[in-house]
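Across the two complexes that follow, chain A remains constant while its partner is chain B and subsequently chain C.
Our next item is the complex of A and B:
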């Protein structure tokens, strides 16, 4: 079988090398087009919901401290084992946190810790500019994590109901979510309106099992 | 006294040309950037205008590394040979009527000799660095320059026949002042051959095999660093300018333009040279690199026969017109 690699050209096209001229025309056209460059430090990129940036511990307005209950779920689910928690039992048997630290240099930013937290204590903010020249500065202990949260609220103007829709475990029943994840959210934050990839989720073709139907089973 | 004036003129020419070289790199980066829908240098100065100066300072203060196994005297001499020969070629270029350092009668031959010598520097650099990449780059450069000197020389034979001179000023004068009497029209085949050979002579895309980044790291300049690297870079860009000047002088009527510019006679010359340089850059932004056997086939099987045909046709034309 003879494979034809090139399109046939007539003599004039061969002499003028039309393909090269076409290529030159394209580059010349692009010379006058608008560059797509974003001049980064002057011009910040837009942040989208679900961005997994700097870690923060949510400050509880009641206790003025972290919401963490020391259940160790985040430390267990963490694939890179970068969350270090130390606790001791309190008077009424609850766990008291001695240490809550994230070694960000080991973190893979999967966001499992945020998804798995039953009280919504840990979250990831939209801050991404926290590079440093020394390793110690990016080893976040509890104070730094709480300070991260304060600074994030101050800079962006969110209040402490900041829950990122991306971090609600998807596809499950609303009633089976932990209480902290069940707080009222805008309509586009519900299961139907959640982000999947870059598109907002379309209403599914098959019927969703609602809470009442689940109760019947 | 005369020598002093001449030295002053040389210094002025060097300063102006080196400044042009510096801003040619800026020009190139900007144009290629915009052709690739980027912006090019933007950070140093307004729209990156001070970038070439920053680059110059940087390469001047960078560490100068000489490989342990290198042939030291040759390694040190190679960039100097490259740059000096290219700078020497500048001496015979007429920028305007009477604006020429050395108005010698073998100007065109002198330029050929100098650009061939520059490739000697490249080969020495490839050999002396004692590295496989530089060696391959040097070998390629040698073969490429030898192959393309021939069509280049032959393509200009037509111009020599028409003007009856090798003196560059006389070649320009022979073309007359009208835009229709420039040698581009009677020598269109010669110009075509010259244009392709010119890209190959200056090691530019699509014939940049001696420094093919994708396969040879950086070709013959792989082992060079700091100011010595910059010398090669300068030699390459001065080479581009010299070849573009030759194209302007031999085919586009040199400093003659549609109307004379008062106080600055080289205006049209510089404009045409920058037109050539723009095409160099434009082609670089467009075309991929030739394969080595294609490069050789193009040179020997297409350009040399075409150039010979051009000489024959020019001779025929001359006989018929007379």
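Our next item is the complex of A and C:
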């Protein structure tokens, strides 16, 4: 496809500077339209569930401590290797956490740690305003991470039923998820309630083999 | 004319010698940290020598120490204004290497996010290109639409710029009704916005004077210089990987490839404006024909377990050091090499992998369009005026993050 050019301007248009006037008319029109600028510190941008912001360790309401089981999956999958975990074996073979720290200045906010956590212990909150003048304040240890979670719940008004798309990815198969992640989610997060186009091209006709038929074979 | 030599470098001290100017790396019109060493004769450029490497982060080497899944994060930071397209390009390449199948719904979502990235990247290109040449108003209007797309990305995957959206064998999150409704509204409104940009600059006589006949590249020369994408199509070569070697669901989409004739800055501008419209129609088709189904393939590898597709591992095997041993296992994947190119907004983004069967690439080479476009700058920039060089850098649409890697 050849690109189309607009017609060359004629002498009259050249003298009257029509194209400049058209541009100015557009600018003038916009002068009376509603401004779209967001006055940032006063007006916050909209936040959506699953925003990859400040890290937090979920506080378990039963034990009043972190849910972390020390499986090291987050520390292993982290592309920037910014999660530092130290554990020691407990009495019944479980791992007890000595240290759980995130060096946020090295973090790339990919969300992999939340994605692989089998118990939903770590999460990323919708908080993004936590810049600091010193490095120590952005090195999160376990206490700070738990406090981040408390503050997040307090600020946003979520309670323990809070679930985000990290733990329960939209459109993900429930069978692929660990038991702790099979939680109640909005209808269009599930594969049954997903968005489907209105004009789907029909696939070529072929005989569908149902499960019962396959079992007979 | 006399010349003195200091440390084996000839230093000009004659009156008729060339004036040497180092444009950049902090020059706002060089789109990042590009330095161009110029030899000037008056205001005409005698020799143009682009210097790159100010944004080098060593991605190709970093990739050798990370698993295939972890490297998706690196591709966000290549061309950081169309991160989605890089994600898709990387995943398409790795899926070919590891023979992973992608379900149709994920293919459609990939095409959708690719085209959203293309529109958002072209909007940024138009905004900055117009700003370089002197049209300030377009800049603000372009950012108005770009904000809509970035917010859709934030709703889709939780991040505006560094998306990390695709996964090997599919995508991370499904689309929701709310996202598709907003996208539908954007698709309906966008042609009107393109008309607005065109009202402002399309026939503006200053714009025409600054673009027509500037940086003219013939079709043969453009191919010789390895230009790709709209920069090549502006010269009249109808080469688009989306149509010639379709990936994802592009073979099911009806769209045309806009081709310019004259090969100057204005032709490339018209090509990109036409691509806005084509991307918009592809988005419309994606919304209308989005098939149902899963978004992740059955044999898609887990993020953390670099296992052979279909093979299950015990939970304990992946903790800590066991995983590192597992990644070093040389019969994990098939050994071999693969080159897969995809069409990103800038041109042809190719990934070349050599695999020795381990869980991470033995070598990853990135063929980035920006690097080759900057290479072409030395030839195109010869004999033009300084002010035109700014227009040429803008029209080649380079991003230094991708060039220096």
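In this section, the second predicted complex is superposed on the first by the 177 of 217 C-alpha atoms of A that agree within 3 Å, B and C clash if a C-alpha of one lies under 4 Å from a C-alpha of the other, contacts with A are read in each partner's own complex, and residues count from 1 in each chain.
Note that a residue touches a chain if its C-beta (ideal position, glycine included) is under 8 Å from a C-beta of that chain, and two chains touch if they have at least 3 such contacts.
In this text the structure is predicted, and so the values were computed from the model without any measurement.
Of the two partner chains placed by the overlay, only chain C lies in contact with A:108; chain B stays clear of it.
By the touch criterion defined above, A:35 lies against chain B but remains apart from chain C after alignment on the C-alpha atoms of chain A. In the superposed model, A:5 lies in contact with chain C only, and not with chain B.
Contact with chain C, but none with chain B, is seen for A:76 once the two complexes are overlaid on the shared chain.
When the shared chain is aligned, chain B and chain C each come close enough to touch A:20. Taking chain A as the reference, the larger set of touched residues comes from C, when chain B and chain C are compared. When the two complexes are overlaid on their common chain A, residue A:50 makes contact with chain C while staying clear of chain B.
Once the two complexes are laid over each other on the shared chain, residue contacts for A:98 go to neither chain B nor chain C. Applying the stated contact rule after C-alpha superposition, one finds that A:65 touches neither chain B nor chain C. Touching of chain A by both chain B and chain C, each in its own complex, is seen for residues 20, 23, 26-27, 36. Those residues of chain A that touch chain C in the complex are listed here as 1-6, 9, 14, 19-20, 22-23, 26-27, 36, 45-46, 48, 50-52, 71-73, 75-77, 79-80, 108-112, 115-116, 118, 124, 165-166, 169-173, 176, 188-189, 191, 194-201. If you check the complex, the residues on chain C that touch chain A are 66, 69-74, 105, 137, 144, 147, 151, 154-155, 157-159, 162, 164, 172-180, 196, 198-205, 252, 256-261, 267, 270-271, 273-274, 286-296, 303-304, 315, 318-320, 323.
Listing the residues of chain A that touch chain B in their complex gives 20, 23-24, 26-28, 30-37, 39. Chain B contributes residues 31, 33-39, 42, 282-283, 285-287 to its touches with chain A in the complex.
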